[in-house]
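Written below as structure tokens is the structure these notes are about.
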Amino acid sequence: MEMMIMSRSSDEIVYGLKRDYLEKISSGGNRIDGRKFDEYREIKITTNFVTRAEGSADVRLGNTRVLVGVKIEQGEPFPDTPNSGILTTNAELIPMASPTFESGPPNEDSIELARVVDRAIRESKMIDLDKLVITPGEKVWVVFIDIHVLDYDGNLIDASTIGAVSALLEAKVPASKVGQEDFQLPINHIPVMVTMAKIGSNIMVDPSLEEEEVATARISVATDENGDLVAMQKGLSGSFTVEEIFKAVDTSIEIGKDFRKRVFGR
Amino acid sequence: MSMVSNIKLIDENGLRIDGRKFNELRPIKIEVGVLNRADGSAYIEWGGNKIIVAVYGPREAFPKHTQNPSRAIVNARYNMAAFSVDERKRPGPDRRAIEISKIIGEALESAIFVEQYPRTSIDVYIEVLQADAGTRIAGLTAASVALADAGIPMKDMIVGCASGKVDGKIVLDLNKEEDNYGQADVPLAIIPRTQEVVLLQMDGNLTREEFEQAIEMSKKAALFISNLQKEALLAKYSRPEEKEEVKEEAEQENHGDDDHE
Amino acid sequence: MEMMIMSRSSDEIVYGLKRDYLEKISSGGNRIDGRKFDEYREIKITTNFVTRAEGSADVRLGNTRVLVGVKIEQGEPFPDTPNSGILTTNAELIPMASPTFESGPPNEDSIELARVVDRAIRESKMIDLDKLVITPGEKVWVVFIDIHVLDYDGNLIDASTIGAVSALLEAKVPASKVGQEDFQLPINHIPVMVTMAKIGSNIMVDPSLEEEEVATARISVATDENGDLVAMQKGLSGSFTVEEIFKAVDTSIEIGKDFRKRVFGR
Amino acid sequence: MSMVSNIKLIDENGLRIDGRKFNELRPIKIEVGVLNRADGSAYIEWGGNKIIVAVYGPREAFPKHTQNPSRAIVNARYNMAAFSVDERKRPGPDRRAIEISKIIGEALESAIFVEQYPRTSIDVYIEVLQADAGTRIAGLTAASVALADAGIPMKDMIVGCASGKVDGKIVLDLNKEEDNYGQADVPLAIIPRTQEVVLLQMDGNLTREEFEQAIEMSKKAALFISNLQKEALLAKYSRPEEKEEVKEEAEQENHGDDDHE
Amino acid sequence: MEMMIMSRSSDEIVYGLKRDYLEKISSGGNRIDGRKFDEYREIKITTNFVTRAEGSADVRLGNTRVLVGVKIEQGEPFPDTPNSGILTTNAELIPMASPTFESGPPNEDSIELARVVDRAIRESKMIDLDKLVITPGEKVWVVFIDIHVLDYDGNLIDASTIGAVSALLEAKVPASKVGQEDFQLPINHIPVMVTMAKIGSNIMVDPSLEEEEVATARISVATDENGDLVAMQKGLSGSFTVEEIFKAVDTSIEIGKDFRKRVFGR
Amino acid sequence: MSMVSNIKLIDENGLRIDGRKFNELRPIKIEVGVLNRADGSAYIEWGGNKIIVAVYGPREAFPKHTQNPSRAIVNARYNMAAFSVDERKRPGPDRRAIEISKIIGEALESAIFVEQYPRTSIDVYIEVLQADAGTRIAGLTAASVALADAGIPMKDMIVGCASGKVDGKIVLDLNKEEDNYGQADVPLAIIPRTQEVVLLQMDGNLTREEFEQAIEMSKKAALFISNLQKEALLAKYSRPEEKEEVKEEAEQENHGDDDHE
């Protein structure tokens, strides 16, 4: 057990060396963990992990681990959508998951994570919110997606989206609380999010933490089962050419098809 | 992209509810150096959007532990005034504003030579005084001009424009109604010189082809707006004798009414 | 573009020199920008700047610039005033306006500013709140005054009060939202606030930032069109003699008459 | 000053609802050194107000960036206990308390020789245990005594009193009902030696003449209360043998019932 | 007036010397202020101190001073206890009371204090909450206990509990506000809390601040008039043997009997 | 201990609603090293409780003013996931969680050789993923294992168990219904080697004799659970070749179903 209290300057030097190394091997078509540019890490999903929640999924994407829970409770509809249920997504980057995460209210990273995952689910119209009305204009079902990051080794956006989609697919609306029968959450579509990182001039899917640390730009693309785009988010302070963007979109559509079948069985 | 409506957003002549063609921008006006205290500033009117941007820095980053020994940090703060929207917004940043601040900051950072100012911060304050769809891109566009006004060395001035889908058609630069009742929105920002993408989001539903169409349309518009940025800067610096006077009267030509092609 | 990172100590020395200089010239009857002691900086008001608000005013007082927006929305009355509308005032010293302003919740300076402006408007009974009832005891109009400081060059209290009064004078109650006709906000009185600063033993109106920095005491006096006093606030850690206070009151009454006519046309 | 009522606040004999004459103070009692941990402390009862004040310092200002290399900073914190008012107050400072803390701090600073203690803070904690109109002036008056008890060097002990307008008449030292249903309130604090004004607020409606009348009446009362402050300090220090004993039993003469003129 | 700005290291040395000294004298059966191990400091209670509150008590336990106020207001019952009034306890360690207390929201010390006092009152069933219903399921009386610590010289838990119990015993429900007659708060039981500290291998009741500073462990035991245990809290990072715990319980029962009679007259 | 109900919690055969005898534990399963980033970690299932614990440190305490020059500070953070309870919990610590964090931190500190790591912090993060009564003791029990996994030098591994009163009878290890409708709850944690008490709380109503009975029952169970802790650690370290593989598959014997006596 040695203590790693480095000065910022030595941090910077280590960072520079790392970046150079990863850029060098990527120019030869390689990644630090031996994967191909379009290769995901292993995905393991355990659903129904939290039986007290209406839906849940424990997702491991390589060494990244995210637990997503879905709670479905009664609430008031928004005034401008009286005949529609409510979807709300929250993410917590708890300090358990990384030495760099801090306690406290959500910061810009956890807010961006929650909002990007929310966008993929909301814009794909995955959940049929119109079927979540109890009394029109008065009472509707509120679907809470809570993303709890347990172990951070890169690509939280994809791990969290997989977790949210998995948890929603198994979630039941507890309608027995209002004198009806419980029913499966009504699902219309299944979004798949694929995140890519740019290292040097190469773009690779599912970046690990080591790759994220040296990446200059990031792009996440969510598609539905028709191959349509439903959400997108470019991140970090680097840039993509328009051609790289289009290629990233194609990669996402391709991988989405495979995922939808292989991971979600649809 | 969330509300459903029977409103017809494009009429039989292919014109939009504000009379624009599918590829037509809203009027845009940019002014430089509109504030006295800030190191640099800019004001933009873009359709009904009214946004002012101030830049402070490079200055010593505070608190100290935020300092980076090898480069400047870029802090962007996107904020909506309480009265800028139809229903009064509670003051203070909400989750949407925090996300937008983050992506605007990252986009600006891509153009700034941050290595030249270690241990400092460059602070960009974007205040939306009136909002009318497209505020993040309008704010970012004005922010680049304010950075230039502050003398911050940059590769180029970032610029952007959004496109979207309305009544099944790809159109440029959504207004409020189109944003509320349309089917997709794609804000884009680029480095004009290289045409590289530094900000990109999308929500709604687009086919692969529609997306490509939207990007190309936005890119073209962004290059047009890039010229407005430069003209605005020029308008300030070509009249040095007025520089220290009532800056806000420095009027730019309003190219916004023109079809930009 | 030079960086001004000064130590506190050098700050203090500069501050001392500045103070000495301003005190010296004021003892000769002069101000740093050439104004007379009872002379305001130029005032420019643009109303209807934010068309989305029910009322707004963009005020420039010299190089100080303040944007005030008025929103009028439906709300519940306070239990102890069931037949009265509600007035609420908020100020934000956003970091745009000054290198010394910080992000975050309102601090003591912005709270004092908001409360002093509020007091002038409330205590002068400018707005006829009794006419802002929709359903007695249940629903009333709430008038939100939001003060957004854009450029800080001193005397925020007067600039903000001018802005608030101007915005209220043009504000319309959106009664069409409850099936009535929109109507002009009912106005009874027009308060004018005059702020003075003490430098050495001299007192001058409308202090600029440079003057505020070296002033030992500040006094703001609001009057109505009858020349009656409606609100007052002494600030800073210096003192006034009682005679100085009375003279300040007289100055405020005098200037108020001129302002009411010249600035508000009433 | 905001509520309207038909309550008659002054009767046909010119007496107020608590039986006082127009220029009569409520009872005032001041005790010194009522707390053990604080460097200085005081307790005041003023009508129904019960307020305790603690002073800590001069002590190293924390966090460090608040330190001023040329003088002490004075922090005043005015706080109302949750149970001090009729309807329970949520704990923690509201906007009113923050404004009052600011002006009390500024007033106290005017009398303290802050240059003698660079880099330190002098912290004044004012706790309103029961509120009955006039708490800011009562708190400030006790704070001066607590500062003296802490041995902080001062030019003089700040002291104050409010006047106001009730049923059209200028009266001294408003009580709760007069504050709620009256027409104006003018809190004032002065440096007694020079009679300079260090705190002044006003709200309501007063003519120029009424204002002058109010100020003169408050000033006179403040000078009277200044003597109560000194007697309270004397009462403590003239009995050094009791100093370390049950301090709170050090009783002052209650001059409050007397007409102060 | 000397300033005591000590470095942490000198703090540590002073602390070590103090601890050694108190351990040494305690091994001889002595305490720093001359008390016996089972001896309380003098207790003085002034009830009805804050007449504006429904109940109040100003408690001095040696040099510790705590003011407790009870407010009783109308509110909605909790959904799972529709026929029961509500008890809520809050403590503020205001910076007045100690140079080590800071402004701001309740920290872990004040939260623990409030919760331990609350537990003694709640679990002893001191207040008959079932008699505090105004309209079943809709409106009940809410009892707010607010603990305001004014002077901190150790053992806040006992001082605060004594204050809360005293204030509740005199509190009146302001039922005249709902058209009934005011009535004494219905009391079923009287809890007494006794806190003990361990210094070296000795355990002593009612620790003063100096004792608390060097104590390794703390235990608070609340009993009711039957000698039954109703609440307990072990504190600090030291330990007790099981036998010490049992002895502490016996001490609490013993002292409780005396207190109930002597202090509360019951 | 607050809700009243007619539910019979112990049947005519002396069995509890989940079929357990009065002195029977719920099933317990402990796993070690379940996280990659943390310096040490553990996972515990205890009845319906599912709790994961991460340990970071000793690492430089931050912010600096929290550093203690003579020892490490121990920070425990007990947190319930929003979805861990029947009604969704708002994220962020509530008052209950803050109290529990405090007493868990104090208990852990009693066993750690904090003097060995001056100026550092040892951070223990306890995340309750599913809650079913007894979370504080289950979390503390797992935290000890995680500290051991992180290599933090300790006198011994703290361990605990609760007892309580249900239908007038003292029983071991309350479940959710027993906790809600029972008459008392006594969480206890000890240092197994010396059997000293490091955490103890109690609420409800117990006679002196019932309390003693509860403590003895809990102590015995804690010593049993102490063995589960050691086995869990052993299971990890006896298979070093698997150490870097899928750690979470390291299955422990589930002794929980057995009567622990």
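Each chain carries a letter (A, B, C, D, E and F) given by its place in the written order, and its residues are counted from 1.
In this section, contacts are C-beta pairs under 8 Å (C-beta built on N, C-alpha and C of every residue); 3 or more make two chains touch, one makes a residue touch a chain.
Please read these numbers as outputs of a predicted model, since none were measured by experiment.
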- Query: What's the overlap between the neighbours of chain C and those of chain F?
  - Reply: none
- Task: Write down the chain pair in B-C, C-D or D-E that repeats the interface of A-B; the criterion is over half of the contact pairs matching by residue number.
- Result: C-D
- Message: If you average the CA coordinates per chain, which chain's centre is most distant from that of chain F?
- Response: C
- Task: Please work out the Cα centroid separation of chain B and chain F, and write it as a whole number of Å.
- Result: 53
- Message: Nearest whole angstrom, what separates the Cα centre of chain E from the Cα centre of chain F?
- Response: 27
- Item | Geometric centre distance via CA averages, chain E-chain B, whole Å | 58
- Residues of chain C that touch two or more other chains: which are they? 106
- Between the chains shown, work out who touches whom and classify the graph as line, ring, star, complete or other. ring
- Task: Could you list the chains in ring order, beginning with chain B and heading to chain C next?
- Result: B, C, D, E, F, A
- Message: Help me check something: in the complex, which residues belonging to chain D touch chain E?
- Response: 35-39, 48, 50, 52, 54, 56, 58-60, 77, 79, 81-88, 91-92, 120, 123, 125, 127, 129-132, 150-152
- The chain C residues in contact with chain B across the complex are 1, 3-5, 49-53, 56, 63, 65, 67, 69-71, 73, 90, 92, 94-99, 103, 105-106, 144, 146, 148, 150-153
- Query: What does chain E use to touch chain F in their complex?
  - Reply: 8-9, 12, 80-81, 106, 108, 111-112, 114-115, 119, 122-124, 219, 224, 227-242, 245-246, 249-250, 253
- Under the touch definition given earlier, write down the residues of chain B that touch chain A in their complex. 1-3, 68-70, 74, 95-96, 98-99, 101-103, 106-107, 109-110, 186, 191, 194-208, 211-212, 215-216, 219
